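Labels A, B, C and D are assigned to the chains in the order they are written; within every chain, residues are numbered from 1.
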């Protein structure tokens, strides 16, 4: 009996020890400001995570080479923590909790896609830590969550931009849509587009509304249906890798008409993957890389030099999201000593930003924490550059 | 009412008539043998009686109930148990569990009882345990209760399989070549065992067997089939001298 | 077999319960932070997933590759139930019941999720009467795809956008009393799941499952109603997995059909075979080990997903029957028999 | 009418890829009863090998695209079969020797697939690769029906590979040995047949044609990424089983059947419901024929 009690006690002790080992002990340095990145380095969209990380690392070098962030006359070193959320919802929650509770970051950048940003946003909001999702377009990410912000514009804004541009430029009466059913970004935008187009051109003017899965590589059946319905143009709110295949296959099936794309096209890889097929097409996005001026131009050139390719929209938006946090920190009169106070101060400062000049345009946040910013429509030139075509502001 | 009544049973596999117009009636308590050359359709008859196949024509009645449309476990629950030509024990379960599981049809409790460990469940499990141990003891298998079958010698595996079939508490026991693969000492023990079962439990035993020694020393009635047809039946003495049986076993052109 | 007094025989159960209580107390007094708590909760959920799949893939010897389908059904049904009843939403508007009742409604909604998942299990169970092995594996994969595709097309529950609002239900529990409710429910769910499975496989009823695995024809002839046992086992397995899904949805606070795709099923399979087919304690150990490994190696980023499979391949080379084989803890450490019985 | 014909051509092309990959599954399964879940990823590796070969030959040596293609086909097949054989040698064979349960070998295969996928991601980074154009795409138009020369090549390749494998398995000595092993692994070595050699040969065949499929796939859908083999691998496995796994004809017919079902569902029903309908159809097929179209139920003797 005694032996048994002893063993039970031993087992309990081992468990407690294991629990403490898990906790770890982060070294607390007064002069360091930690910002966490909750990004998908593995899983479905590793490229998105990589772009975010590259942009963040570039920013980190910039700031720390100048001695860090200055708040209230004192300089603090920056530290960025990159955690992989594997592109999974539950993993994103774990990462958010780890960053908040274990690493003690003052703000979180990411997750990028809504599938992870919605649950992680809930976690950040509950634990009162400011979070900016660079890329998520789902309204639920920021809805009723004072601690959560985003850097990208929402679908209800982008949809009409595409509708108006296509109606004007292509003189189109009818449209067809092909979208990714498993990708909430793509589906959301496709539905808003259909709604807006039919409002403008009358019911039935979206002649085909076809979907595919995220990992699909063959779209010939959908495109055959679309081409059979002979629309004036095809709206493709898809990720750039699918765009490359869709456009090529449509051409193979004899389609000659124009395509209209969305911001997910805006990757340097698009032209590398799509080649000649994509030249001359249009898409709405956050910024036009070709012919950019000022800070945007500097950003693009430096990124290009460092990593060997033009930054995509995720990189630019991550850059802006991180800089938003930094601007909020710098606008403080002094850096609070309590972590919860630091987080609260950042949140308040983010909400009060009047005008932020980012590489993706000037913006400020509305009540929900969504940005008010302009969209641009770019044309892919014959050299494969993204040329400015039109700018639409809310 | 007879225990087993098979009338005009016929089974076709595609074009092949494996069993044709087979009849048998058992009143209970007999020891009957079914013999015939390889491929004559003996095992098919057992598969039909135990409900594994449904006969193309004819009827099978167990205690007056037509078994057509019944699944094998339902036929077994009527009191028809069997063993297999090649031993089919559950290899990863120890002997005791092999015996226990075979009492599935009279568990007498539902899955909810099992989850909640109700009084009914505990009582029934105890009862199953008691019956199993009693049977193991009676069959001289008690010391092997926690062995898994592959660790036992072949003769003992046969014995376990018969014990498993007996745990159903059948009225009719079908033995499919029980002596196959046994050495002469094991065969002696088997004969002893079958006789003991027959005398103790007063059940009908119907066996397929090639070893004439087993058949002649145990059975009071023998049926002979060839190519699915019944060619002879009678007492051991009658069968031994039956010309058609000799022809079926030894062929036509014997001197 | 009856050795030792009653206390000693139940010592293992007591140790497990006191361990759970200890962890919950540690969480209550903030000794372990939210991240550790969340990892522990996912361990519990993974234990439920792996033990329930083990019932089909281990004990019954089938090869189900689409277990995440039931996780998905359970997660959605329980989320919808709890949100419709307890939280303001777009479909029914104001909540039916006052927030104080969340503590009662939440376990009920998890249970409802389990029941509906069990009904979904029939989809796999019925074909299993006629076919088995790799053909049944395909049917489970097909069911996995069908469930995901079906939910993606249901715009009422958000389609690919996912479904949320469960955090509100959870929050109203915390408002009632500030104790780690989710930890408690996950602990209860895990214990419930393991207990039910243990009781099932140790009964004569449940041993019929092993009989089917080893020789289905002999089982049928020896009076086991194989179809019924298969149906019950599939439903039990999918039902318990559905409950795990309900807990999962409320811990994460958001569900999305793509969270339950074939990769999730693969993870469940890995946990089962890592632990050893048919070993309940193996399934528990491997679920804990696997979850722990996933979190521990997170800083390695992409290399993690090279190292983990590599570790498992190596492990298979040295222990080709999984951690426990088909043995239980009590077989490996016979001394433990004094404290508990697994079979 | 044109839409119908167009969709039949689409389905033939898409089905060809399923068929090519399913043939690899079924070959290995037919011999070892092993579901080689790494097969989809071997296909992916094949595509990458083809990519690097082509880049090297076009860029570094400066060969003509036509010659490059002619050289790339055999080289890709050889190198990819090397990958398959390596997997068999270091991961599956030791397990087989130890007499592990076949499902543990399946899980090992699954893990090997993950290693290939993520190892590729770790080595080459997250950027997708574009496969250079080796063939000048010619679009032949008949009314509203369009066919490219590439599509015709793909379909022809699938059919040729099928006849080749059918010939090897049914008409040659080694094919007979392959079929023999699947019936009885214990008796075959006693007949003096070198089992390991036959198994290695099976992996060479299966992986080699996965490499060919990878090359053709990369030419038709020129975006390469580390996870490209995962989904198509699972679906090809489904195709192989629906056809009756272990049978060459089954894999071939199953592959095209799946292609036709997927394309047909999209063409007839709303495409958002594709997976729901396509998999329901497969479920019904397996319901009606529980061992697949060509699979023979192996009767258990009682």
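In this text, contacts are C-beta pairs under 8 Å (C-beta built on N, C-alpha and C of every residue); 3 or more make two chains touch, one makes a residue touch a chain.
Keep in mind it's a predicted model, so treat the numbers as computed, not measured.
**Student:** By mean C-alpha position, what chain is farthest away from chain D?
**Tutor:** When every chain centre is compared against chain D, the largest gap points to B.
**Student:** Have a look at B-C versus C-D and report the one with more C-beta pairs in contact.
**Tutor:** It is C-D, judged by the count of C-beta pairs in contact.
**Student:** Please report how many Å separate the Cα centroid of chain B from that of chain D, as a whole number.
**Tutor:** Taking the mean C-alpha position of each chain, the two centres sit 49 Å apart.
**Student:** Please compute the C-alpha centroid of chain C, do the same for chain D, then give the distance between them in whole Å.
**Tutor:** Inter-chain centre distance comes to 34 Å.
**Student:** So how far apart, in whole Å, are chain B and chain C when each is placed at the average of its C-alpha atoms?
**Tutor:** For chain B versus chain C, the centre distance works out to 42 Å.
**Student:** What's the distance between the Cα centroids of chain A and chain B, rounded to whole Å?
**Tutor:** 71
**Student:** Give the residues of chain D that touch two or more other chains, as numbers and ranges in rising order.
**Tutor:** Within chain D, the residues that touch at least two other chains are 118, 121, 272, 274-275, 302.
**Student:** Two or more other chains in contact with one residue: find those residues in chain B.
**Tutor:** As it turns out, chain B has residues touching two or more other chains at 52, 84.
**Student:** Could you tell me which residues belong to chain C and also touch two or more other chains?
**Tutor:** 152-153, 217, 302, 305
**Student:** So in the complex, which bits of chain A are touching chain C?
**Tutor:** Of all residues in chain A, those touching chain C are 1, 4, 8, 11-12, 15-16, 19, 22-23, 41-42, 46, 82-84, 86, 88-90, 93-95, 97-98, 100-102, 114-115, 118-119, 122-123, 126-127, 138, 140, 181-184, 187-188, 214.
**Student:** How about chain D: which of its residues touch chain C in the complex?
**Tutor:** Listed in rising order, the residues are 29, 35, 91, 94-95, 98-101, 103-104, 106-108, 110-112, 114-115, 117-119, 121-122, 234, 237-238, 241-242, 245, 272-276, 279-280, 282-283, 286-287, 290-292, 295, 300, 302.
**Student:** Applying the document's contact rule, which stretches of chain C touch chain D when the two form their complex?
**Tutor:** Result: residues 57, 63, 127, 130-131, 134-135, 137-139, 141-143, 145-146, 148-150, 152-153, 217, 262, 266, 269-270, 273-274, 277, 302-303, 305-306, 308-310, 312-313, 316-317, 320-322 of chain C touch chain D.
**Student:** Under the definition above, what is the set of chain C residues touching chain B in their complex?
**Tutor:** Residues of chain C touching chain B: 196, 199-200, 203-208, 210-211, 214-215, 217-227, 232, 236, 326.
**Student:** Chain D touches which residues of chain A in the complex?
**Tutor:** For chain A paired with chain D, touching residues are 42, 44, 46-47, 49-50, 181, 210-213, 215-218, 220-222, 224-225, 227-228, 241, 244-245, 248, 251-254, 269, 272-273, 275, 309.
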